[in-house]
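Chain naming follows the written order as A, B, C and D, and within any one chain the residues start at number 1.
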Amino acid sequence: MKKLMNDPENYVNEMLEGIYLTHPDQLTFTGNDLRCLVTVTKTEGKVGIATGGGSGHLPLFLGYVGKGMLDGCCVGDVFQSPSADQMLEVTKKIDSGAGVLYIYGNYNGDIFNFDMAAEMADMEEGIRVEQVVAGEDVASPPAKDGGKNTRRGVAGIFFVYKCAGAAAASGKDLSQVKRIAEKAASNVRTIGVALTPCTVPRVGHPGFAIAEDEMEVGMGIHGEPGIRRGKMETADQITEEMVDKILKDISYEPGDETAVLVNGLGATPLDEQYIVARKVHQILKEKNIGIHRCYVGEYVTSIEMAGLSISLLKLDEELKGYLDAPADTPFFKQIKNGE
Amino acid sequence: MNQQELIAMLGRISKIMEENRDYLIELDSVVGDSDLGLTMSDGFRSAYDSVSDGMEPDLGKLLYKAGKTMGNKVPSTMGTLMAAGLMRAGKVLKGKMELTDKDVVSLFQAYKDGVADLGKAKLGDKTFLDGFQPGIDRLAAGVNAGISLEMALQEAADAAWAGFENTTSMVAVHGRAATRGEASRSLRDPGAAVGALIMKAVAKR
Amino acid sequence: MKKLMNDPENYVNEMLEGIYLTHPDQLTFTGNDLRCLVTVTKTEGKVGIATGGGSGHLPLFLGYVGKGMLDGCCVGDVFQSPSADQMLEVTKKIDSGAGVLYIYGNYNGDIFNFDMAAEMADMEEGIRVEQVVAGEDVASPPAKDGGKNTRRGVAGIFFVYKCAGAAAASGKDLSQVKRIAEKAASNVRTIGVALTPCTVPRVGHPGFAIAEDEMEVGMGIHGEPGIRRGKMETADQITEEMVDKILKDISYEPGDETAVLVNGLGATPLDEQYIVARKVHQILKEKNIGIHRCYVGEYVTSIEMAGLSISLLKLDEELKGYLDAPADTPFFKQIKNGE
Amino acid sequence: MNQQELIAMLGRISKIMEENRDYLIELDSVVGDSDLGLTMSDGFRSAYDSVSDGMEPDLGKLLYKAGKTMGNKVPSTMGTLMAAGLMRAGKVLKGKMELTDKDVVSLFQAYKDGVADLGKAKLGDKTFLDGFQPGIDRLAAGVNAGISLEMALQEAADAAWAGFENTTSMVAVHGRAATRGEASRSLRDPGAAVGALIMKAVAKR
């Protein structure tokens, strides 16, 4: 492991200090706690949206706090949930009377702590809180009939933020913003492929090993095991397998429209991400599925893992409208067409 | 058990987690995200540190405070569950300045209830509970049968460890390991190891 | 080497196909040659700005073609210059009568080919072309007194694009745009540190070796040797050495203002880049040098090299104005404050 | 030298670059960016392919076309310089359908001039020229002295190779190697190797 860092114990806090020094006009923190990020521009009467989760995924989570996206975010240590107290702190700061929506990934630690925070917000502060848990990794098992979602939340949460954020910015109320977030969450599917492991700074060695000529299809963003490990294949072959897995999981009719996210996990160059994006375009074109928007880049990483993920968001007119809305956060800017 | 003994017990739990930091990282790296050694050693250390000054005479409040501190320090799955366990134990023992053997049994039963209520796991789901509850059950049985607390705790520790080892007969249904389905069976559950280590530390006095 | 690619021979062209499929509303190509990129929105009467160079540095070069930045770009194979014919093709397409400025890095191959293209544009097409060659790596030797610039061009070229692009967008004429580009080029300084090598896809193995506990300070973006190789140090120590080298090379007075670019080379997580940005802020604050803007992220990469570079652009009021102007390219968007 | 022989000579240059692809990558990886083996084998191959059909009877135009093609195919430092060399040789020999021994000498001298004019390097600057010009000089001397072209070329090839080996006595002042300053001295120059390889391929007929 070679990392540009000081004491691994300070990895997250020093990263956060760098963030605040670099983006003072967009981000600040609350409760005297660097890990409780909030936007500097609070809009009265707007539904607040908060997220949170472990560090090690930049620009997720905190990078999406800003105009048209999120209002606040708690981050924990690398791959660790922040605490319920921290989430409550952020909730208090971003509520402006219209209530707060939590959007976060489907992980035990996060669920436990967001649940506790929501209860405290209600009991102690009288703030109405709703929750949407995003889990869309088709490499993890789907819910047993009627049971709760058992899938890992990965890069697709970006689309949930984008749509919910735009809905809140447009003045929708809490139940509407929740409905739209749920619609995005239930229409997105993701699958990843990992080529190398990643190292939690405080652990100091990779979380798993993978041979020089191997890849793991379906690996999670913390190194959770995937569907199969095998010899490296061509980008086209891998992309076909991945898109195929997604399309087997959610039905698209010819003529349907989708948004694509090709997401680098950390060490894979943009070149390779575009080589994969090219193949995604070709496959979807062949199936007569329209691509309304395509995003390529690092949106949700796994520290310095090599590999990438593909997410598809099935669109209707409502989601398209929210997806197209402008946004301005430290890590994601979308300028409205024609502006 | 008086205040000093209770604090010492928390100290031993903290110590055993530190000693097993790499072992827990190792176990968690096979099924999860490798952090368990960090969260357990940091978490129980912070729990212990928050009460080691002996300023809190109410042993219930003492445990509650230790739990609250741990929850803020390491809010991972196991960190939060352990915090919930300590806080529940604190609630149940609130007002006591000294614990009888039965109180000690209550402490661990409440701990387990706190974990079970937040996590909603059942015995056999391949979680912390499977490395903890066998110990609690044996502890309760021993104390009820009138053997010495020391001996009951020793037997409890052995039972807990056997419970942990026995998780290789189970399929995970919670947390990261669950995504492996049947493939999780052959693996030992890291959270159950924590349960067994707690019982081991408690017994070793 | 593990790369998500197909035949290495098609690496660049397939990457480009992915780019065009993903950004059809911003980029297209000319002369039937995928490697001759131009913006889709030509502004009559505006000075055209073209750049070019080898592939393997995304988002450099082509990522900065768009509003407020560049008009056209030629890319070659990985780490190889494009040809003079290609540059001529782009030049013809983007000229709208006000002439064209070439901005490119100080490398032999690029110089030879841009020189030839400029001559052809003048002789064959009657297009006025001016050139600014950017070379600011303080780890490479400075010009011998009065001689031409001998420094490698690295990440600092981003600032040259930004300022020249804003000047051209504001309607300045060719000589003014050139003057501003030169001002930016002569006031920027960069230094990098590399932790791992990178692999040219068609070569198939790393260009050099570097031990697991070593780093190389001053390495160039194609793996050119740096100033010193040594044991890994803390982020703070490395940052101090790097900033120190820059400040020894260009004088800043207390009260001067600068723009900072902390640039990831490919595999180094954003977390680590922010840990370094934090230290840069601390050092400059101590010296009473004001940071007008700070950019952190991957702007100029070396395929999948781990490491980063630090660039400082010494500012005056004129450069500040151009730096603050909005921009909208596939890879760089800046929204004007208060918009 | 007739058209077929000239084309065959370009074919041999292409072949020697292919055979030395990894060797040149290796040399360039020490001082530069590792691409020289790729650019030289791709470039001379494209130069050869563009004229191998024998449709161009004017040997000057043939060389010019080969150079132009190479410049478009591999516009790196050396690719562009080699293109400039071929194009200059083409200009000088324009109109000839057959080359005398003196013309062959002119060909290589023009080639060298094309490279020198674009690159502005001097002998001793540790570039292509240092592995090429010693060969040309020997070739000219041999032909002037009246020895057979075959023997003159063989001597030229040996002189060129010695020139290449001798670059370890020079400090680079151009291109990527120049940033190493004095440290570049002990290294053999990759571009000079190309110069020597060209002469070797030319001699081997």
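To be clear about the criterion, a residue touches a chain if its C-beta (ideal position, glycine included) is under 8 Å from a C-beta of that chain, and two chains touch if they have at least 3 such contacts.
Remember, predicted model here, so these are calculated numbers, not experimental data.
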*How many links in the shortest chain of touching chains run from chain A to chain D?*
2
*So how far apart, in whole Å, are chain B and chain C when each is placed at the average of its C-alpha atoms?*
55
*Taking each chain's centre as the mean of its CA atoms, how far is chain B from chain D in angstrom?*
76
_Distance between chain centroids, defined by C-alpha means - chain A, chain B (Å)_ = 32
*asked:* Please classify the inter-chain touch graph. Allowed labels: line, ring, star, complete, other.
replied: line
*Looking at the whole structure, which two-chain pairs count as touching?*
A-B, A-C, C-D
*Report the residues of chain C in contact with chain A in the complex, numbered from low to high.*
2-7, 11-12, 14-19, 21-22, 25, 55-56, 58-59, 193, 195-196, 212-213, 215, 232, 234-236, 238, 266-278, 281, 294, 296-298, 301, 303-304, 306-308, 328, 331, 333-335, 337
*Contacting residues of chain D [partner chain C, same complex]*: 25, 29, 32-35, 37-39, 71-77, 79-81, 84, 118-119, 174-176, 178-181, 183
*List of chain C residues in touch with chain D within their complex*: 76-86, 107-109, 112-113, 116, 139-141, 150, 152, 200, 202-203, 207-208, 220, 222-225
